[in-house]
Amino acid sequence: MSLEDPVVITCAISGALANREQCPAIPYTPEEYAAEARRIVDEGGVHIHIHARTSAGVPSYEAADFTAIHDAIRAEVGDAAILNFSTGTVGVSVERRVAYLQACPPEVAALNMGSMNYAKYSARRKDFVFETVFPNPFGEIIALLKAMRELGIKPEHECFDLGHVGSLVPLLDMGLLEAPLHADFVLGVTGGVPATARNLAAMADNLPEGVDAHWGVIGISRVQWTLLAAALSLGGSVRVGLEDNLYLPDGTMARSNGELVGRARQMTLDAGRRPATVQEARALLGLRERAGAAA
Amino acid sequence: MSLEDPVVITCAISGALANREQCPAIPYTPEEYAAEARRIVDEGGVHIHIHARTSAGVPSYEAADFTAIHDAIRAEVGDAAILNFSTGTVGVSVERRVAYLQACPPEVAALNMGSMNYAKYSARRKDFVFETVFPNPFGEIIALLKAMRELGIKPEHECFDLGHVGSLVPLLDMGLLEAPLHADFVLGVTGGVPATARNLAAMADNLPEGVDAHWGVIGISRVQWTLLAAALSLGGSVRVGLEDNLYLPDGTMARSNGELVGRARQMTLDAGRRPATVQEARALLGLRERAGAAA
Amino acid sequence: MSLEDPVVITCAISGALANREQCPAIPYTPEEYAAEARRIVDEGGVHIHIHARTSAGVPSYEAADFTAIHDAIRAEVGDAAILNFSTGTVGVSVERRVAYLQACPPEVAALNMGSMNYAKYSARRKDFVFETVFPNPFGEIIALLKAMRELGIKPEHECFDLGHVGSLVPLLDMGLLEAPLHADFVLGVTGGVPATARNLAAMADNLPEGVDAHWGVIGISRVQWTLLAAALSLGGSVRVGLEDNLYLPDGTMARSNGELVGRARQMTLDAGRRPATVQEARALLGLRERAGAAA
Amino acid sequence: MSLEDPVVITCAISGALANREQCPAIPYTPEEYAAEARRIVDEGGVHIHIHARTSAGVPSYEAADFTAIHDAIRAEVGDAAILNFSTGTVGVSVERRVAYLQACPPEVAALNMGSMNYAKYSARRKDFVFETVFPNPFGEIIALLKAMRELGIKPEHECFDLGHVGSLVPLLDMGLLEAPLHADFVLGVTGGVPATARNLAAMADNLPEGVDAHWGVIGISRVQWTLLAAALSLGGSVRVGLEDNLYLPDGTMARSNGELVGRARQMTLDAGRRPATVQEARALLGLRERAGAAA
């Protein structure tokens, strides 16, 4: 990747943790997802990362919910966005996760590349708000990769530390991955790689040598905007969205995913780079072009 | 320095190389300098780097020209900006450079920290547009440092490569420097350090250990905006201005220095950081507060 | 830490995975541990990391075995080595681990700083030899830290990835740690940070700012010797020993831990550095000097 | 380059600055050069970097002296070493330097890739021992490259800072260089890149992307041995020799170049790497194999 490459602007439209009491813009129903997707596309986003919810807003791992949301978004934006399903969660079996991929195969599915402590610390309380082990053993990774390959789904390798990036190497050697790789580096989780520009560069530097790859940054909480500047200066792509961070750089709460995407788009331009069209994004991620695709 | 520090926005108001045929906004007369300084201050710039010109626009190393420009700016903006004189040039003796510092001591003066090839290459022509040796021997550096110390002028250490940063160490050991150091890293000159975010981090990492220091980035030509994103994500400060780059990120020519400063200010905010007030900038650079200082 | 600091040479005397069929030099009985400890000290090792075994060689977490081995070594080498107990294992409760620390408090105890995938991949077989989740949740880390503090034991922070180093920050903020920190960076486990010199530097760069710390490298398998060269050039300390790697750089199997330590000592000298005396090592690790200590 | 590559051990046999009063092992006559070359080859060195001297030991830029030394070495060691002539000096015209290359074209010639301050500072005296500008303008670099190309001589790019490495890019674009590039990174000169392992990695990281290249380290003065450890851990090759450093790691003066080479060879093996045979070295540097070559 280089600074000449266009920037794939991804939006994590909903997530599973926050709810509408915390941020009224979080979509619950398929119609709300579709309306947010429209705003994302209108502001320059070309890649939408989806966690499903029931229409009451409860996180869901049911194929029916994923399908309804997927189809509503596709109906609204056509081929103007790449759709991406989360597979990352604690306590939901691989089988259930594969089931919704089978029911409605998205173009891309996110894949957590390793295990880690996943915690949130409060400096004010001098204590952890929560802390858990986030287990993603190689066995599950391999099972998900095999399912994705059968279904023609491109894996997005979510890496929370250097070891997760390094874990691509044996999987490549086993023939489970196909270039170009698409990796996203998640910074800012306590237990994962600390959120600095230098560490982001280290993540990119650990991508397998001699294998074509595309990478972006996912910044959790308010350090996100600083990490966007870092990724843009390092030749990477970027993700924003209500899953990762509810606030604009000035600290006000976003009124929509589109508002966050618009800000990311402006930062991309200001850094002397260019947002990718959806066709360019599909090419960078190694996806087939879609028939009637239009930016 | 840390991401919590406010960002000192510097503007190189004029330079000596480009002229008004290339960019109509370049100031020539003291009045024009003052008007540009006003725009800079209004847009959030707090530190103005000055090369003198005669009123016809010819680069000048005469004390009278530096004084006239300095006084016109000061009359216009009061203490709302730190004023900074260039001392970097080829073929002008140290004595002449010291003479204008003595005639009108600015708060800060720029100081080139080493020798290098200084060139511009044209990929289109497959040849160098120009190439020269830019000599800044330690003897001259020491003479300028001694003059600045006598005059109460803070040196801004302009470093074009890692060796220039490393050259601070013997000068510190000789007792010629006082913390906090104020260093600017110049990237993008052929012959100097290549303009990448990783190299900018390496420059900062070479600052002397255990000595308080403030640093910023100076990006030459269009890669400047990408380097601003890098500096903001690494905890550094930034410089823009018509000396370094005539164009906005979208490729249109700037209509004033203020327009460039305004864009830098927006990028600072978008990266989750905060522009320094002039008082904060004076504190970061280790300058005395000025009597009637007002942001 | 700097290149001027002496190098603490640590030896992981036994480990729990390999057995005497694989390497006849692995000690089983307290007497054998003591004899190996003597060889370690004679060759320049000053810090011995211990996993207990029964006299039949079976890994043990019984206080009696730890105590017998500890006392045998102490009787043999006196204060000429810092003794260090492992607390890292899968499937042994925190209570049992604390029990042997209480029964016989060593000067230092190793502490795994996070969770991860822990695997071994065979490029020949194109498959994993084993793969598991190595869980070290914050809750267990905190419980072990509190026990160590009560017992006057210095924690050795074993970090397998950048996130593990970053996890020191909340623990410092909670007041659970005391400077100087003593961290060891473990490279070369599939699932953990890939074993490169650049990644070792990144580990060191992530140590908490402004807190005095000492660090060393632990390299797993044959890349160990290359990582020793890296650590020596970066200002770090080193660990060798039959737990980590059975082979000398030339590929022949070590006939004793002493042989491995002797090689590490020679590399230390060749890299222009100096092995620490046991007193220096105690000072670097923030340990009390012991009454009759002698190098 | 990778850690799997064999290590090219280069020896700078004589240099031009030190004399026999400082170190009795420095060769003056062609016979002495040949005897030292024999010791170098016997200890594992495969690449000999030569500054000529008159038989009285005075540095010489005369074709006759270069030729006599070259031929004496070749007569002694046959094809068992690559011979390399220095072209770096202050105050000797490009024409004179080209003249000795023409008279006796070596396989490789060193080429300084940029200008810099070149100084030596004494912390004891709190003053510079000497300081000068070392000018190597692009014009001279290009003239030397053209001469080398005509003569079938491989350039060794001696880079004293990141900007010197970056200067390869326009020269590549002009078609003046041929892959594989052969670069040596010189660390430890005051005015050039500070001598740290991290800076050595940064130098390697600035090699032109997508162009096959081989690199080594040249460490000036006693930090040399630490830099050897760094280069070995980063996948690079190494240079020792009486030009760079007169002392063994333990501080005793070397009794011959061979003694220094032997130490470098041992460090190479200890770091888990393998010294290159002369055939492998010629392949890595992109040289033609020589008829009767024998390691």
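As written, the chain order gives the labels A, B, C and D, with residue 1 at the start of each chain.
Definition applied: contacts are C-beta pairs under 8 Å (C-beta built on N, C-alpha and C of every residue); 3 or more make two chains touch, one makes a residue touch a chain.
This one's a predicted model, so the numbers in the text were calculated from it and none came from an experiment.
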Same-residue or different-residue interface between chain B and chain D, half as cut-off: same
Interface with more contacting C-beta pairs, comparing A-C to A-B: A-C
Farthest-lying chain, centroid of Cα atoms versus that of chain D: A
Where chain A and chain B are represented by their mean Cα positions, the distance between them in whole Å: 39
Centre-of-Cα separation between chain C and chain A, whole angstrom: 37
Where chain D touches two or more other chains, by residue: 198
Residues of chain A that touch chain C when the two form their complex: 114-117, 119, 121, 123, 126-128, 131-139, 160-163, 165-167, 169-170, 173-175, 189-194, 198-199, 202, 205-206
Contact set on chain B toward chain A in their complex: 3, 197-198, 201, 222-230, 232-234, 249-250, 263, 266-267, 269-273
